[in-house]
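Shared between the two complexes below is chain A, which pairs with chain B and chain C, respectively.
And now, the complex of A and B:
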């Protein structure tokens, strides 16, 4: 994993710890673990997204506002990397 | 029984059942809070229970728009019959769209040949009405599941051949990680915990039960409930419920029109006092019809596009349909009652509107509009288009 990717991954985990209200410890999840199975609700996923937008100073485009984007730490990190690439 | 060979459409056939069977029995269904057996016997005769099953599998292969129109026809004559029909079709939509294994193909075959009735148990005591969380869980014992749910309402539970039940996927799963289990009548025990004695939708027979079920693990649908909820349950429910309420509104507008026409006939040349208010009623009714019919068409247009179905914009649009339609129906029936006046307030006579008024209030309460508005408020925080 590149340094940048590691930074994104750990920042995503911090946001999930604060706003994801997961039933399990975020540190115990690997990047591909299903966050919905870990207790992420659609309500909490909105808060996670708002916190990510604040943390990374980005805005999620409409096309990314779907369940799959927030399905795992890896998919969230990929989405953020994609937004950063575009800007 | 397979779909009846006929050159008449599903909607035409259901409309006939609505007029000839559901209508004449509506008053006793309401008064006695009893299941509309006559209407469902007639709907089974025309194969309406398998409306959504594909033609290849022996069903009608109907679109949501067509099933919506059929629901609306029933709603004009008996809101309880219409609501049960709608709720059945919501479960049938899940079976058709998410039931991939042979077990569910077999259930569709029964839907076609036996015209079985499907119910659902989503709410649960102690979860505060949020159908996207469960407290009960699917317990797996070998190749069997076991489930116990304390449900404050299960509509027509005692008349259904199968009940689709939400539960946490496993005893270790968080409340939001839900599965949908198809509990067959022969696998089920229902212990009543309350009676259903309500203002409206009395014929839906929806008391509370402790539901216990045990059966093959293959009866748990593969897709997580959250996915089925977004892709099927939410849009199909809001569209079809809207058609129930539109049917109620149709009946109210029809009553008001008949009343004004009768007044006009008694004094030709004078515009009756209710006529101008009838203009308002018809205007609001048109809004409701447009919202509801558009909802079904919107779903049909993207029925297989998961990206659209799971998008924030689509969820907001469907939430809006629910809130708008269930609010407008009360407005329409209330305005129609003002047109008809005391003849509508009477419980007897050709213009009685009591049942319409009582049924109309149900819509805003079933999945409370304030809860849906709260969900939309949250979605609007991230919605951009």
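And now, the complex of A and C:
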């Protein structure tokens, strides 16, 4: 994993710890672990999205408003990287 | 003598879809405190915000019930890919004191593509929780009053019956 990818992964985990209200310790989750199975609710995913926008100074486009985008730490990190590449 | 039996009349091409969602009121209050207007404007229409703010004592409850309604609608629409924006699903008060749900944008497209001809919503909140049930009729002629009754029954069943329920 590159330094940039590591930074994104770390920041995503921090946001999830603060806003995800997960039933498990975020640090214990694999990057591909199912966040919904870990307790992420639809309402908490809104908070996570807004907190990610603050943390990375980005805005999630409509096309990324799908359940799969917030399905894992890896999918969130990939979405952030994609938004950053486009801007 | 044979006893007549009543059979529900049902058109072969008609089906009913049901969505239900439960939201913690405190989670909504926390989101408003943390993100303010960014959260409100992303999720709720101006009319929904105005209705909630008209009664500050139950503002979070009203918002939570509306969020539950939006998610219940999404469960009915079952988007395969992109989900509708939250503001494209709007809960509005009707003249009789109940609630209706209005769709626009992608939500309206998904409903049309799914053949949904009628939609009814029922909201409730009680203590820490708010809930909503959405009943959709797919195909056939919409029987709105029947859908509303079905949504109300399902929502009443979602929360304890022994305690009073708030006005959503």
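Going forward, the second predicted complex is superposed on the first by the 87 of 87 C-alpha atoms of A that agree within 3 Å, B and C clash if a C-alpha of one lies under 4 Å from a C-alpha of the other, contacts with A are read in each partner's own complex, and residues count from 1 in each chain.
The working rule: a residue touches a chain if its C-beta (ideal position, glycine included) is under 8 Å from a C-beta of that chain, and two chains touch if they have at least 3 such contacts.
None of the values given here were measured: they were computed from a predicted structure.
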Mind checking the superposed model to see whether chain B and chain C fit together on chain A or clash?
clash
Taking the superposition as given, does A:23 touch the first partner, chain B, the second, chain C, both, or neither?
first
What is the contact status of A:46 with respect to chain B (first) and chain C (second): first, second, both, or neither?
both
Figure out whether A:65 sits in contact with chain B (first) or chain C (second), or with both, or with neither.
both
Which superposed partner A:4 touches (first chain B, second chain C, both, neither):
neither
By the touch definition at the top of the document, which applies to A:38: first (chain B), second (chain C), both, or neither?
first
Have a look and say if chain B or chain C is in touch with more residues of chain A.
B
Those residues of chain A which chain B touches in one complex and chain C touches in the other
41-43, 46, 50, 62-63, 65-67
Of chain A, residues touching chain B in the complex:
22-23, 36-43, 46, 49-50, 59-63, 65-68
Which residues of chain C touch chain A in the complex?
21, 23-24, 27-28, 30-31, 34-35, 38-39, 42-43, 67, 71, 74, 79, 81-86, 106
Quick check on the complex: what are the chain B residues that touch chain A?
132-133, 169, 173-177, 224, 226-227, 230, 307, 310-313, 375, 378-379, 381-385
Taking the touch rule as given, give the residues of chain A at its contact with chain C in the complex, in rising order.
19, 21, 41-44, 46-47, 50-51, 53, 62-67
